[in-house]
Amino acid sequence: MIELPSAQALPVSPRPPISRKPALATLLLAALLVAFPLVADSFGLDYYVGVVRRIVIFALLVTSLNLVLGYGGLVALGHAGFVGVGAYTVVVLDSIGITSVATAWPAAIVAGAMAALAIGTISLRTRGVYFIMITLAFAQMLYYVFASLRNYGGDDGYTLSARPSMLGGGESLEENGLYWLVLTLCALAFWLFSRITVSRFGHALGGTRDNEKRMHALGYPVYRLRLLAFTLAGALAGLGGAMLAANNSFVSPSMMHWTQSATLIVMLIIGGVGRIWGGVLGAVVWLVLEEWLKLQTEYWHMPLGLLLIVIALFLPRGLAALRWPNPGRTRTKKEGAE
Amino acid sequence: MSVVFITEQLLNGLGYGLMLFLIAAGLTLVFGIMDVMNLAHGSLFMGGAYIAAQVQVHTGSFALACLMAVILMAIIAVLVEQVLIRRLYKADHLVQVLATFGLILVADDLVKMIWGTSPMMANLPESLSGPVQLLPELYYPSYRLLIIGAGLVVALGLYLLVSHTRVGMLVRAGTSNRWMAELMGVRVARVFTNVFVLGAMLAALAGALMGPLVAVQIGMGEEILIPALVVIVIGGIGSVRGAFIASLMVGVVDIVARAFLPLLLELAIPGPLAADLGATFSALSMYVLMAAVLLFKPSGLFSERST
Amino acid sequence: MSLFTLHGLVKRFGGLLVTDHVDLHVERGEIHALIGPNGAGKTTLVNLISGVLDPDEGRVLLDGVELTGKDAYERVACGLSRCFQITSIFPKASVRDNLKMALQAHTGHSFQLFASRAGNTALAQGAEALALRCGLEASLDQIAGNLPHGVQRTLDVALALAANPKLLLLDEPMAGMGPHESARMLALIESLRGSMAILLIEHDMDAVFALADRISVLVYGKVLVSGNADTIKNDPQVQAVYLGDEAGSDAAIAALAREVA
Amino acid sequence: QPVPIKVGLALDTSGPFSGPGQDAQRGFDLAIKQLGGKLGGQAAEFIRVDMAGNPDQARQLAERFVRKDKVDFFSGPIASNVALAAGPVMFAAKIPYLSNNAGPSQYAGAKCNPYFFGTAYQNDQFHEAAGKFAKDRGFKKMVVIAPNYPAGRDGITGFKRTYGGAVANELYVKVGQLDFSTELARLRAEKPDSLYFFLPGAMGINFIKQFNAAGLQKDITLVSTGFSADEDVIGAVGAPMEGLYNTAHWAHDLDNAANRAFVAAYRKDFGGKAPSIYAAQAYDVVMSIDAAVRQVKGKMSDRPAIVAALAKADFASVRGPFKYANNHYPIENFYLRVVTKDATGTMSNKLAGTVLTNYGDAYAAECKLPAPVRS
Amino acid sequence: MIGSEALLSARGIEAGYGASKVLFGVDLEIYAGQVVALLGRNGMGKSTTIKTLTGTLAAQAGEVRFGGEKITGSAVDRIARMGIAIVPEGRHVFPNLTVREHLVAFADNRNGQRDAWDLERIYDLFPRLKERERNLGNQLSGGEQQMLAIGRALSTNPRLLILDEATEGLAPVIREQIWQCLALLKAAGQTTLVVDKYVNRLLKLADRHVILERGRVAWQGSSAELEADRSLWSTYLGV
């Protein structure tokens, strides 16, 4: 089984994982984000509304991955698959004239969950690298299947016929409306996620990551716990996918290619695997850097690559570890295989 | 469908399988046995291809090209191991993924700086550029026979090395419990360096040999990385025998999906659609195979590693 | 009728017959020791009972409930609990959180998603009570992995006790303990007598003879004999395959030493 | 002094199309250099960003160009799916998008848009030219092979449209295929007179190499689009390319003033290397913008006027005779090229005749836009 | 046959884990051919001492010499190749090596003996291992793993053999075998440092006994002296 950098799931002392100070910071952050579009327009930064919206969506995606990978210890390399399923749910509905997010997004959540449930049921029989690869396999299958669906554009992709509307028929959401909707839902999802990590379920899940054998012996239904985590993550990924579709009003199979799944994982590791804020941090840092470096040089891969290497060597627990180092957790090594 | 056609197709399956094995061989050492999740293995492959191509353009000698590719990549591998990889042995897989993913990005830009983005010329050696006649009706590209031969040789050599010499044991020991291995007197650090370099050399060789058959260009490494991983996983991580058999399976399944399935479908449905379905399925086949195998054998065909 | 019974249990690893038609029964409140040479199949038997391994043949019955074919976690719910020959705890967490984790499994389900666990006082108190019962109160807030070996073994047992099972499986609880720690473990097990039945595997004969109401000897996957301490002590077969006789071996050593020198 | 005219260039300097992308970039650079960095005599600014051939990112970049940089013209993407992703953003903002390569059918027919200019070509045209050639040559038994994605299937449709007769067999392969042994075996079994292959990028290179290694070139004449036989591909494959027929709307030895100047300058700037189709197309895009700006006297506010000016297309295209149809896709000639050793012994394309003259595309009829008024 | 100069000598060793110090100046001498027993209650620092001798744990102070050569600070594997082999607490068999591989992978003759330990002799000592030849390390019973750990150490024919609770988890008969084997080895001149809880057996085997108490050597002496003075047992050994 692949071991992960130490995580939050079993707090060393009874203190709740989110202590008061960060909570304040969180509120501040939220306020800033809400106010941003209003400020942006007057400063001619309106372009960045779209950028931030995209970052927020990715924060959700990486966070959903964090649930399985960070707290469940399940390295899934097929997460982009569920994102794609969510996005294509929107496409299918769009093609029959349903543009209301009130219908499309819940549908995407359900679709993502269903896909995750089905794939998880099979994949969770395997462990470690085998799990990585079987999840990859299913994601790739989804990729090729969607790429061959001619009436949804195949790998040319599909441009949504209309901007999403709040309710069926109602006038369509303009930039900021979509921004606030996305922001609200992501914040909600993130809040639920942070609750999960400290819930009975969250603790049990952390247990299955830290010592599966013992969890069986203690009487935990390990397989079902993992399946639930996997399904929840799939649901959130589905929602994220739907949001991306709305954000780009364009969907193509390329968004479910395995490299996308890998990128999500990379974001999470940068941010901090198994830490509440890991997903958010990772998404922000990665996307901002990418956006910025591209403008600086044609050779923007190199600095990015070097950065990853540096992080791997000197910050293997991710950026979150800087702010929230949790005491007593010695890093797990692959040694003493007993 | 004539007998010749079928034999040729099966031969093709074999050839493709061994092609994959050639690429997977180095990975079996580094990932399968040393347990280092080295995504940058594809970059080593690419490096080998580029160097070989470069040397061949200048000297015109294919043999020399292969030799240089292997030697130069070995040197590069030593550096990479000393600077980066050796710091990752103890780290968990995720950190290895992060670092080697970074390595890919760096490698791609380096190649772009040196050789530019347009693909590189890597010609077949004159002597092997044509086909040879195997059966009265059956011509087969002689170069592919070389690939098949190389695949078989590498497979055999690797098998002997891993299962019939101490090296294999020492590496496995060092991997599963480095401290204990050192307590037994094993120079783990040195062994690992050597094995990593050997893996890199195999990757470079694969690159040099594949160059004349495929486009030598940036990203060629990432493309073959996944099939290589699939082969290793189906075979059972750490098992050379497994990887070998798996690569043949993948090859044959792929051929069946591409060559025979469309022909069968054509009997039922219109040509274009049949071809179309065939292509889609051939894209899926490898993954379907892997999923199926793991469904019934959750740790591959011949897993020799206890994870 | 007995609390716990095995009927013709069989397990093969490839060609190797590790558990060979084992019939065994444990009475309520009884401490039943299972001894036997290394590789006789004791741990395997524990794994078969606890559901880690599936038997090729035979049945497992606890308090009239058929356990055969049930998943490991379902068996715990039926009142079966075990500890491990190689200590298996949550090394990165504090003892308190270890115990909480164990207790949570038996107080309500674990699919409660959004309510924080921190507020759950019942769990906190339960953990401290359990610690007190096992003499772990001193190290409640230490990281389990850094504790001395003996304490970790105790924690392993404590985790198993959290289920307060009808039958407790102990696989070499004294392993790696010195006289001092062994004595404490012995006392702990003694304190459990009556409150639950125990199937005890141990190579420390002093402990076995001190604790066991009944002893079964397992050899090459077969139950050789069952009986109380004295029957076992004096059984020539058992002496031959398992106990050996110390005096004899001393003579042997002396002899060997002479011929080498 | 007036604000400079802004042109957004979403380039493929990395990713799957980095090869063509680089050539296109050179074409842009050369034209910009020749115009002294100005457009129609006005100060101009060219904003280059790598879009790595990824549709999702293309979308993001399009947004950036429109909302942040407020560009006046857009160009750059190589691949159709990227063009399809970026297009709508431009159309919504009424910013002219001059495609330097992709010519998707989606924008050619009923869904045509005044702000889209398929300056390079309409995808089908290349294949239709090849089909015409195959017909003229009288290849009886024809096999076609293409990747299993929309552009691939459209390509085959286009080929068949002009080839007329039925093709003996259609082979579809998975995108990014590494090994073609199976298809080659089928070809050997089929024994066609000629094979038309449309395999962009690496696939094409893999295919030609393996096709020759299998020794099929003796019995089967290869026909292809200009892309699979362009200078960079020749550079990568070398000798095995000799004698490969391919059709394109341009050739580096095409004899017209603009082209002679372009090719000479290109060779000079880029180490004697012959320009590729991608370079030529990019060059034309900049030149056509230059012409349009000159006509409207740099008045960027009047978008319809600019569109009209662009539609006139009175600039000297390196392709020779060039004008737009009502759907803003070109009406141009298609030439036959054959790969041969030139005087210096290096492999290169050689002009071998004209296949189609003043040829439009099959979708223009469905487009409701008025035909451009030409001065 | 005790050599004049100690094969291994440790002077004033101090060591610990991070902040917590465990050894406060341990002195230890082992002469060639001797069997030395290291005694003490749980957690007194026996294993820690051994970890320091084998180079696993860096000594914070003091020096260790082996065969006259200073080995404090040299790498674990180098010290091992000089001829120190250990049966560590908790066996540490390799889960992914077969029994046979355990016994051939590290095989060596580091003390240059005539009748060195080879596969056959080890199989003779533990027939059980021969039966399980093809099992992987993690497919062995606890006791079998223990036997394997001992066999593995013997396969290097060390100049100094260190056993940390080597009879752990073994059935009484097998335990007896081990004692016999150790006696045999001693007779054959094998230098040995042994930690074990069965003090009675050690009395018969060891030449010298060293008792650790809170990371210091509290007492050392011969078996006779130890047997005589029961107070030592109650104060230091908790029996």
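Structural remarks
Chains: A, B, C, D and E, in written order; residue numbering restarts at 1 for each.
As a working rule, contacts are C-beta pairs under 8 Å (C-beta built on N, C-alpha and C of every residue); 3 or more make two chains touch, one makes a residue touch a chain.
Fair warning: this is a prediction, and the values are worked out from it, not measured in the lab.
Shared contact partners of subunit B and subunit C, listed by label: A, E.
Farthest from subunit E in terms of Cα centroid separation is D.
Here the CA centre of subunit C is 28 Å from the CA centre of subunit E. Distance between chain centres (mean CA atoms), subunit A to subunit C: 43 Å. Subunit C and subunit D have CA centres that are 75 Å apart.
Mean C-alpha position of subunit A lies 31 Å from that of subunit B. Counting partner chains per residue, subunit C shows two or more touched chains at residues 86. Looking at subunit E, one finds that residues 90, 92, 94-96, 138 touch two or more other chains. Residue positions 13-14, 148, 153, 174-175 of subunit D are each in touch with at least two other chains.
Taken in their complex, subunit A has these residues touching subunit D: 46-48, 50-51, 54, 144, 147-148, 150, 153-157, 159, 244, 248-250, 252, 254-255, 294-295, 298, 300-301.
The part of subunit B that touches subunit E in the complex is made up of residues 166, 169-170, 172-173, 175-177, 179-188, 238, 304-306. The residues of subunit C lying in touch with subunit A in their complex are 50-52, 71-73, 76-77, 81-84, 86, 88-90, 92-94, 96-97, 100-102, 104-106, 108-118, 120, 124, 141, 143, 145, 159-160, 162-163. For subunit D in complex with subunit A, the residues that touch the partner chain are 13-14, 49-50, 54-56, 59-60, 63-64, 67-68, 80-81, 84-85, 87-88, 104, 106, 148-151, 153, 174-175. By the touch criterion stated above, subunit B contacts subunit D in their complex at residues 2, 5, 8-9, 12, 15-16, 19, 108, 112, 116-124, 129-131, 139-144, 212-220, 223-224, 255, 258-259, 271-272, 275-276, 278-280, 282-283.
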